[in-house]
Amino acid sequence: MFTSGGDSPGMNACIRSVVRTGLYRGLDVYGIMYGYDGMIEGTIKKMASHSVSNIIQRGGTILKSARSEAFMTKEGRQKAYAELTKLGIEGLVAIGGDGTFTGAKVFFEEYGIPTVGCPGTIDNDIYGTDYTIGFDTAVNTALEAIDKIRDTAAAHDRIFFIEVMGRDSGYIGIECGIGGGAELVMVPETRTKIEDVVKSLKGLRKTKTSSIIIVAEGLDCGDAAQIMERVKASFKDEEKEFKVTTLGHIQRGGNPTAKDRLLGSRMGMAAVEGLLAGESNCMAGVMNDHVVYTPFADCITKEKPLKSDYLRLQEILSI
Amino acid sequence: MFTSGGDSPGMNACIRSVVRTGLYRGLDVYGIMYGYDGMIEGTIKKMASHSVSNIIQRGGTILKSARSEAFMTKEGRQKAYAELTKLGIEGLVAIGGDGTFTGAKVFFEEYGIPTVGCPGTIDNDIYGTDYTIGFDTAVNTALEAIDKIRDTAAAHDRIFFIEVMGRDSGYIGIECGIGGGAELVMVPETRTKIEDVVKSLKGLRKTKTSSIIIVAEGLDCGDAAQIMERVKASFKDEEKEFKVTTLGHIQRGGNPTAKDRLLGSRMGMAAVEGLLAGESNCMAGVMNDHVVYTPFADCITKEKPLKSDYLRLQEILSI
Amino acid sequence: MFTSGGDSPGMNACIRSVVRTGLYRGLDVYGIMYGYDGMIEGTIKKMASHSVSNIIQRGGTILKSARSEAFMTKEGRQKAYAELTKLGIEGLVAIGGDGTFTGAKVFFEEYGIPTVGCPGTIDNDIYGTDYTIGFDTAVNTALEAIDKIRDTAAAHDRIFFIEVMGRDSGYIGIECGIGGGAELVMVPETRTKIEDVVKSLKGLRKTKTSSIIIVAEGLDCGDAAQIMERVKASFKDEEKEFKVTTLGHIQRGGNPTAKDRLLGSRMGMAAVEGLLAGESNCMAGVMNDHVVYTPFADCITKEKPLKSDYLRLQEILSI
Amino acid sequence: MFTSGGDSPGMNACIRSVVRTGLYRGLDVYGIMYGYDGMIEGTIKKMASHSVSNIIQRGGTILKSARSEAFMTKEGRQKAYAELTKLGIEGLVAIGGDGTFTGAKVFFEEYGIPTVGCPGTIDNDIYGTDYTIGFDTAVNTALEAIDKIRDTAAAHDRIFFIEVMGRDSGYIGIECGIGGGAELVMVPETRTKIEDVVKSLKGLRKTKTSSIIIVAEGLDCGDAAQIMERVKASFKDEEKEFKVTTLGHIQRGGNPTAKDRLLGSRMGMAAVEGLLAGESNCMAGVMNDHVVYTPFADCITKEKPLKSDYLRLQEILSI
């Protein structure tokens, strides 16, 4: 078992669940440190029940994580396979996102070690599961920050552009927009133009004294600071104050929420029980509250669309 | 629109959504203060968009809530109907739990004012929705408290009995048990006996130095303090320290989580759009992430069973 | 170095500081587990800089704590001295409260090992320091809980009696009262009578719809539940709802606040530097923001009075 | 009474205290909206006890704040005086920072209305008080963010540069550095050079896998992003990952901590009682836990040096 790619809150709950479900089912369980790099280097340790005591509530990952370049080479993977064989490891649980599963798929296809993935990323951008481990915590962390910013926005009648994470996906953005009571949300899926933002803000000015605009990272029209400057240029002769805040890495850390502890725990159990039941080359996920297994190939290539009713809800609530 | 029964975090998000969806759809929206009592007394005020500004992040309910005895009488309901008629109110949104819907059902059957309910209670004990508004916040609040208690439990190698809310339902208990990494969970559905608790704790003693037992309120075998005393009696000659904490009303308050703000917002919109589409005498809910409407009669009488795989998950993870 | 008595948030910051200041000054540093019991049993381990990495933000104590009966006997202390001598330990840092220092004083007088104490208790009841490590966190934890309860109190127009910790001292109570905007505070120092509470509440009824009364534990007139019952009896014919909540052990745990991390860090350094400078049989403390050393004898016997201007402030603000 | 300049958590506690102390002493109390601008425009409202109910726990300021250019002109101040005279206002309480007091001083010298200030700013950069209202909350907010970032820093063995607020003062920086267990702190007072940072990090690499560097805003050597780039350039051939996060405006908002609620409450009372006792043209502050009044002239011009023992403490603890 290992964690790879960006860490996310709830990964420790998942690790704990893999260990304890494995032990409960009579298996030996090993933890691989530093993702694929540790697999290659052989930094692998046997896990006992108490190895995962008192970690369910902690952010980060006790197995540490890394992005591995060595694993992208044939030699790297061969070395990794040798290390696993040395310890008699017969199945793998890979906790991470797209990149993690891409590596796992190649490795499985080359060496045939049964592998099940668990969706660990804050971005909620993985096909095959309604939610990823860490997403709920990231949204709640962002919302707490937005609540604080709203205090100061309201006190000064300011317009705040707040940049949240999400890579190619607008999930964090739209949930922060609805939950944060934002006046506007700019996510990749909405393709909002600068002129639309200006128009909206000019319309809102009659009823609202302060405004919050949620901006997802990685938009075509720039980052939050660039967007703010362009919007501000259209308000030149007016006295509105514009401010920008980029929430950044705080969204990755912190104690996991109830939902992420539960999801991490469920996914860890599902991965182990899946392996025992013959599942492989696939990811465990939760859809409509049921555990499902989706081939890595689909997880990597298929897109998970944003819920259109969320966009509509956000629009109505911002009047 | 009104809130009734015990308040829950996310009710304000729901109120805001009812107001803004109503206005968006061209309706006049009124807020009834103090639940059914306010309907009888006529403490009803017209709501504008800004009436619900800056409340989505707040616990409690700006409409205040109460349990009404007067509404249980024919005279009370007649007076309420008169007040509603006076203002030309043609539809009702009732935010609350079982008791609220029982009153709404009777009132609808007597006077025929179209009524849709929103599930607002921390207990998650209502048939017709996967989650109720406030449940996620209550679990997260309880978990934060449990995390704190775990600090002191671990520092002293103590056994802690922690009582959580939930009335007749074990939902809060089981999610706190899994998320809090509890060694044991006692909820109405498990019918755990004192001797089972003693046996489990004696078994765990070999591997664990401190333990947390989550106790739902309202068990047949007593409250957390009584259970602790009885368990303690079986450990008489040993040196373990037993402690009890009842989390109490902190679980009802606090800023709503992302999930509860989103759920409250969705339910408020669903109630208004349901009324406009001809739904009545029913509750809006979310099942498998879709909005559904369930007759009040079913919400009140049918039972929502605890998920059996959660119980199994908790058991495996506590080894 | 060891922690003893009830644990408090910031103890880990203090432990970290003792270790790193000691190493910085070229000393060998040992951590004694489980307080005096561990000293007797010899569960003592050498500490490196990384032994205390990533703990400054955690509640509890990594050295664990216990109340020791064995240390109250001459034999126990003799055994403890033997264990310390075996390792060549030439100075002690005792982190805890009254009971800890009483033991340290006796031990010093019998065996002469230089000892400096650090004030670690949430109660802030120790003479010789303006604040104790853990007090600020406990007050903030209690306040967050009170804020949540206020949500539900306001929603239902209820009167809430909230019991906070503090043993014989009203410090937690009065700071919670002022910070929580309480209508009334009952602490040992005010000797408030039930009839005064009734009178106040009847007076407040004209202007306030909900009320919060902070009750310190250990009052002569009973615990919060008993006081509530007696007050309620005087309101018999009225419709006010009375509720009670006992915050309990959540006040002991949780991540320490900035103040407690800073205070713990300062006290740890002060203890080590005090020992090196020849201080002994005394406690390091902070008075008027300066480090001072006070003989254990004074810390144990002298009383720290509540600030009278805080009581006056609370009274004025509750109008 | 009014708030001016940047808002800070605890301002509402201060406003509440001014209102209630004033009423308690038999005065009429008015709240001026939007700082000096509102004074000029006459947006002033009479305050009752319930006007400040349920605000002690909220960030921001219910009186709103602004920086006024009009008040810098003679005409503006004349108009303001006229508005105050119209209402018979005989004394002023000015809550804010340097800029606020500069305006208040000029206004007092021109028109003679007795004025007392309360130190409301998160930066803790005002002479005449040990702490300013909002500072403790800002540090705690920053620390919570740093704790989250540490989770992800530790999971990936990264070096994080975190920029905190503080304008010309290193108070927020140094307290975040100690409390956050940072490896290095760069504040205006330390004049740290890039080469020192590089040297420190190279030294630390042997013992630490991840590192946190706290960077105060407004340093001569650039902002956190610029500093990171320059440091990174010296590590070119190595594999360390460098990241930067700017905490930004979240530090201004949020529910005030216990300390800031208490300090705000004390300062509000001190301002009103100071006015009644004949104090004027000065700021109320707390030094060594006693209320003191310092002439505006000193508050504005004198410097408050950083505590040198904090710098030493931080250095020792980062080994």
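Here the chain labels run A, B, C and D in written order, and each chain numbers its own residues starting at 1.
Here, a contact is a pair of C-beta atoms (placed from the backbone, for glycine too) under 8 Å apart; a residue touches a chain by one contact, two chains touch by 3 or more.
Protein names from UniProt, one per chain: A, B, C, D = ATP-dependent 6-phosphofructokinase.
Nothing here was measured: the structure is a model prediction, and the numbers come from that model.
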Looking at the contacts, which chains touch chain B and chain C alike?
none
Chain whose mean Cα position lies farthest from chain A
C
Just how far, in Å, is the C-alpha centre of chain D from the one of chain C?
28
Chain A and chain D have mean C-alpha positions lying a whole-number Å distance apart equal to 34
Based only on mean CA positions, could you tell me how far chain B sits from chain D in angstrom?
39
Among chain C residues, those touching two or more other chains are 147, 150, 154
Run through the chains and report each pair that touches.
A-B, A-D, B-C, C-D
The chain B residues in contact with chain A across the complex are 16-17, 20-21, 23-24, 49-50, 53-54, 56-57, 130, 136, 139-140, 143-144, 147, 150, 154, 175-176, 178-181, 207-208, 255, 257-259, 261-262, 265-266, 269, 288-289, 313, 316-317, 319
Quick check on the complex: what are the chain C residues that touch chain B?
3, 6-7, 9, 58-61, 64-66, 141, 145, 147-152, 154-157, 160, 243, 245-250, 252-254
